[in-house]
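Chain naming follows the written order as A, B, C and D, and within any one chain the residues start at number 1.
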Amino acid sequence: MSKRLVLSALAQFTAKTAGRNMTKAAYVAVAAGVAAMVVLTAAPAYDAAHHWVDAVLWTCLAYFVFEWLVRLRHMARQGRLALYVFSSSGVVDTIGALAVPVALIAAVEPRTAWLLSILWVLKVVPGIPGLRQLRRVLVLESGPLLSVLVIFLMVVFLASVAEYFLERDVQPATFGSVPAALWWAVVTLTTTGYGDVVPITPLGRMVASLVMICGVGVFGLWTGILATGFAAETRRDNFLKTWETVSKVPFFATLGPAAIADVTHMLRTMDLPARTTIIRKGQQGDCMYFIAAGEAEVELPGKKVPLGEGAFFGEMALLGNNLRGANVTTTKVTRLLVLDLVDFRLLMARHPDLAETIDAEARRRAQENE
Amino acid sequence: MSKRLVLSALAQFTAKTAGRNMTKAAYVAVAAGVAAMVVLTAAPAYDAAHHWVDAVLWTCLAYFVFEWLVRLRHMARQGRLALYVFSSSGVVDTIGALAVPVALIAAVEPRTAWLLSILWVLKVVPGIPGLRQLRRVLVLESGPLLSVLVIFLMVVFLASVAEYFLERDVQPATFGSVPAALWWAVVTLTTTGYGDVVPITPLGRMVASLVMICGVGVFGLWTGILATGFAAETRRDNFLKTWETVSKVPFFATLGPAAIADVTHMLRTMDLPARTTIIRKGQQGDCMYFIAAGEAEVELPGKKVPLGEGAFFGEMALLGNNLRGANVTTTKVTRLLVLDLVDFRLLMARHPDLAETIDAEARRRAQENE
Amino acid sequence: MSKRLVLSALAQFTAKTAGRNMTKAAYVAVAAGVAAMVVLTAAPAYDAAHHWVDAVLWTCLAYFVFEWLVRLRHMARQGRLALYVFSSSGVVDTIGALAVPVALIAAVEPRTAWLLSILWVLKVVPGIPGLRQLRRVLVLESGPLLSVLVIFLMVVFLASVAEYFLERDVQPATFGSVPAALWWAVVTLTTTGYGDVVPITPLGRMVASLVMICGVGVFGLWTGILATGFAAETRRDNFLKTWETVSKVPFFATLGPAAIADVTHMLRTMDLPARTTIIRKGQQGDCMYFIAAGEAEVELPGKKVPLGEGAFFGEMALLGNNLRGANVTTTKVTRLLVLDLVDFRLLMARHPDLAETIDAEARRRAQENE
Amino acid sequence: MSKRLVLSALAQFTAKTAGRNMTKAAYVAVAAGVAAMVVLTAAPAYDAAHHWVDAVLWTCLAYFVFEWLVRLRHMARQGRLALYVFSSSGVVDTIGALAVPVALIAAVEPRTAWLLSILWVLKVVPGIPGLRQLRRVLVLESGPLLSVLVIFLMVVFLASVAEYFLERDVQPATFGSVPAALWWAVVTLTTTGYGDVVPITPLGRMVASLVMICGVGVFGLWTGILATGFAAETRRDNFLKTWETVSKVPFFATLGPAAIADVTHMLRTMDLPARTTIIRKGQQGDCMYFIAAGEAEVELPGKKVPLGEGAFFGEMALLGNNLRGANVTTTKVTRLLVLDLVDFRLLMARHPDLAETIDAEARRRAQENE
């Protein structure tokens, strides 16, 4: 009986966790586990509530082991076991499940063993929004970034040897060896400046000043490169996301590929949950919307008009009168295409046919609502 | 009699503060109040002038309570009471008016109670120029920004556990628990580097160096993302602000929507108070102006020529002779459209008709002034 | 006799210093003066060579007073005295000339009085390259920059009161008053982190962590805004500088305004002194040059061919063979227009007529050199 | 006999090191040498293994001397001796080879003499990827960057004199002279903030706060300028690299120069070693590839289809079906042109002829594979 329950739970859990992206439960487990581990190391707090802390830690561990086994089973069934085990997320799951137990079995002092539970945070990585984008930028700009890094290291080495030479006799304690000077150089070039190791000879300070200014320069280059990469990447991402959608909206179907590419550059996609108010009556409006997927509802006095896929709304705001005339709310999960006033003008200018379609529709609605 | 005075004051005050944006008086009150509160906490200074300080504090408090009541009354009359009370500015007003009194009534030690008057600074928020723009950027770029934040936190956690493990035995005082190590990690990753907690073991320092370099990277990503967002946002804002104006200037009325969109991209709006000198005789000039609203005045030898809405001036500077020929001053609050030399060239190139109009006008004026 | 000499010197000096920008002598004087002042304050160094230091200081002072008088005279003669006196550079000159003497006369302790000579560095300002550009960016972006500043201040105030409240009992010495906490807040939010004032309570540290992260954010916004402004400004500057020149080069005279605007976007101006080698034989080449003003010389085997204004060279590198065929050197101060390979392609694509002209010329030269 | 061996080794070595860029061996030598030098200065570590450390140091030195001699000989043979000796890399080689020996001969204390081996890191410079690009940006933006630097220095001087004046009486030890104050100013303006010198007077702290805020500003300007420069430079570089290649791909041969310039802007070059998998079956695909040089191989069920220069693949992913249909692997070192989905759309839109060619080819293959 209870076996059946467990199996059904297992089945449904499997379904949930089939995909890569984490379940809410997992996020909670990670947060709780790490928090507990942190408390574990803080003597007074731990002594006060060690039962609870231990309980949480063991529960989280149990959860991750369970999750890992379920996934293994699931993948094995689909014959994708090897694929999963050697995939990044697979490795992370394995480590999360085994690191602590192995350490405990290996008779490592418990408090130390549990530190390994910090590795659970790695489970969050795949869930990070826009991580793909970040990675792409780093890859594409890797050339310049790398060269900045090399320059960084060269400055560190040259500066530290110079400082060692200049300061060793005056402060043998802090600048007594090049490794010590290297520490100083990194702390200074990143403009962190702990102040635990500081040059005191005039020449030493001059060298240090140069290093700091280089530090600002390195920051600048680094950022400049990333900023450039990002601008390009963002444009690209937006375009890809939007293109798919645009080409599906009947309203744009009439356009040739050139025009569609053109339109795509102007639109922005927006995904909304159900029962979200998109437009609030009486607000200032500076954009119109196309429904790419899902459904919305216009709350007119007395009646509610549903808008299906491909319908558009909010165009009034772009045709002179700036105040929204009615509430519009989503009824399902909905993907919208947003057209800013700016781009609306351009669109109208370049594709008069679209302009007419919208005008006509707008007029029709205006009459209707009278 | 005095009652009438108060009422009239009240009435006019109401009118003033009907809008969201603050009155000058309020700004003064915030500044004075906060300053007084600051002094209140600095023993010597306070003892020297506690009468004054108390006086200022109570006055400011009285002012804010009064303002709040007036607004409530005003809104109540317009039946927008609920709307106001739950609006951000409404909440801020309420807190500003009630926080301190409530604390005092709750018998909190006065010096502590008055600290709450720091909340008055929140009243400044709605008045911040370009805040809307900032917010939009943060919203649009929230995806990447968030992922950077998550990465930031992951580095903090991983690094702090590592450091705790490496340093706890050597410096139990500073690295005795993960929370302490977390503090170190944040201080280091933001490259703040207080130096109150510093690793001393070789391995610990290597980890720390990596963290610092990551810190520079995080800065870079963060900035790169914001820079990108800003570039887009600025363009957009400018366009919106300008479009409205351009379409109203008769000079451009002849243009089709495409051309107007085009022109709009080239112009920049500028709002000036009355009696401001726009052009100073004999200066280098590299732009011309269109009057979108208001009025300006050209000071020609002997006479003053007024220029009304839609008129333009300063074109001479763009048609060969670089030195301004006469002073031009606003007579009312005026909104100008500025056309840079750069864009002027392009405009002339793309819309020869406009070029002719301007040439003709320029010639006419030249003759006139002979 | 000697009088005449002085007068002639004066006359010629006047001529030199008529313009705003400084003479080399002045730069030397500023450097020497400031250096001497710095030494003046460093006891040992000064005692060693006080005669020299005093000598330098007095000489520099004399020089600046002299320069100031000469300029006054010069301006008075041209009847632009008032204009000059109240101009920024006029004020700076006056201060530079009078500050120290006045202080000495007012019986200020000499060492302190001479500190005022630091104001001499202000004389360098007008000479800073691209300062105009910087200013323009700051002005155009002032809106967002200001709002970031306001946000910065708000964070500072809120954070410092919070810290004061949290830390005052634990560390009355450092967090004993809000002003002290304000100092901490600024040091932290700018991520400077001296470490002289550091929160130690858990809550205090959490607040501090938030402040640091805000600090990174403020950096990011600030930079993002400036980066955006700069991109726009640089484009604009380049265009202006180039436009003038392009329109004067006969080679482009045939083009219509639209094309010229187009070409201008592709070219970059470059000013070279006489006897500078522009192209070195056997080098890799990826751009061609037009002579806008001045003269250059091609060193062919046996003969030297002069190239006057409007001539172009280096086109071979863009027409297939990548290695420079001969040295080209300027004979006078020369302004060149540089056309990168990238833009050359585009230019050829958009303006085939130009392409032909260049091809023809190239062929002609090729034959000639056979 | 052995003589012959050496000579042959020499000959082949010469061949290897004829070019500028370093041999792997050299990189190893630099790393090992510097590491050894670092150890040399760390007393305990050195005492433990001084035989090894000395061995490594002498070996590296021998290597660099040898390399230097070989290059001299090689260049002498080619009659480019002078050219090499005075070239940057020649100077670096000479220093690397002679610095330490000279110091040792000059009877400098050995440990100090060996410090000079840090100069070996300079040998890495020519090998830094994208250094040319960095240099170009710094050169092109030198104007604004320089002005920021001047501003930086002015703030440093003004601030340090102010602080000296305000703090000298309270902390004669740290602010006793302007040079000391200068040190403080640099440490603060770069937001490094060691905390070894900190103002304590209220006025002093206000000045310091201003300096810190300026510091953030300087960072911002610096970065803004570099970001702008980079954006431009990256575009340019990409274009140059790609142009050469595109014009060689027969597929694009039919296009006019305008179109080619257009296409070039869309493509990205990618160099791959042999036996690299470009496309993995079943992956998501969002770009197609053209083979500019080398060869690739499509692994279809049962057979392997080779693709030579000018061939393209991966187009299916852009024509509707998103999953890659087969593995594609390089068989030689291969240069690819990558066309992103984004740009593919635009390309198709602007050059329908290309679209047809690709469609046709795609259809042909589809049938073939049935």
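Just so it is clear, a contact is a pair of C-beta atoms (placed from the backbone, for glycine too) under 8 Å apart; a residue touches a chain by one contact, two chains touch by 3 or more.
Bear in mind the structure is a predicted one, so any value in this text is a computation, not a measurement.
Superposition on CA atoms relates subunit A and subunit D by a rotation of 90 degrees, given as a multiple of 5. For the touching copies subunit C and subunit D, the fraction of interface residue numbers used by both falls below half; the interface is of the different-residue type.
Computed centre separation for the pair subunit A/subunit B is 28 angstrom, with centres defined by C-alpha atoms.
Contact of a single residue of subunit A with at least two other chains is seen at positions 179, 191-195, 219, 223-225, 227-228, 231.
By the touch rule above, subunit D contacts subunit B in their complex via residues 191-195, 223-224, 227. The touching residues of subunit C, counted against subunit B in their complex, run 143-144, 146-148, 150-151, 154, 157-158, 161, 164-165, 176-179, 182, 188, 191-195, 198, 202, 205, 208-209, 212-213, 215-217, 219-221, 223-225, 227-228, 231, 236, 239-240, 243, 256-258, 260-261, 264.
Taken together, the subunit B residues at the contact with subunit C in this complex read 34, 37-38, 41-43, 112, 115, 118, 121-122, 124-125, 128-131, 133-134, 137, 152, 179, 183, 186-187, 190-196, 218-219, 222-223, 225-231, 234, 286, 340-342, 345-346, 348-350.
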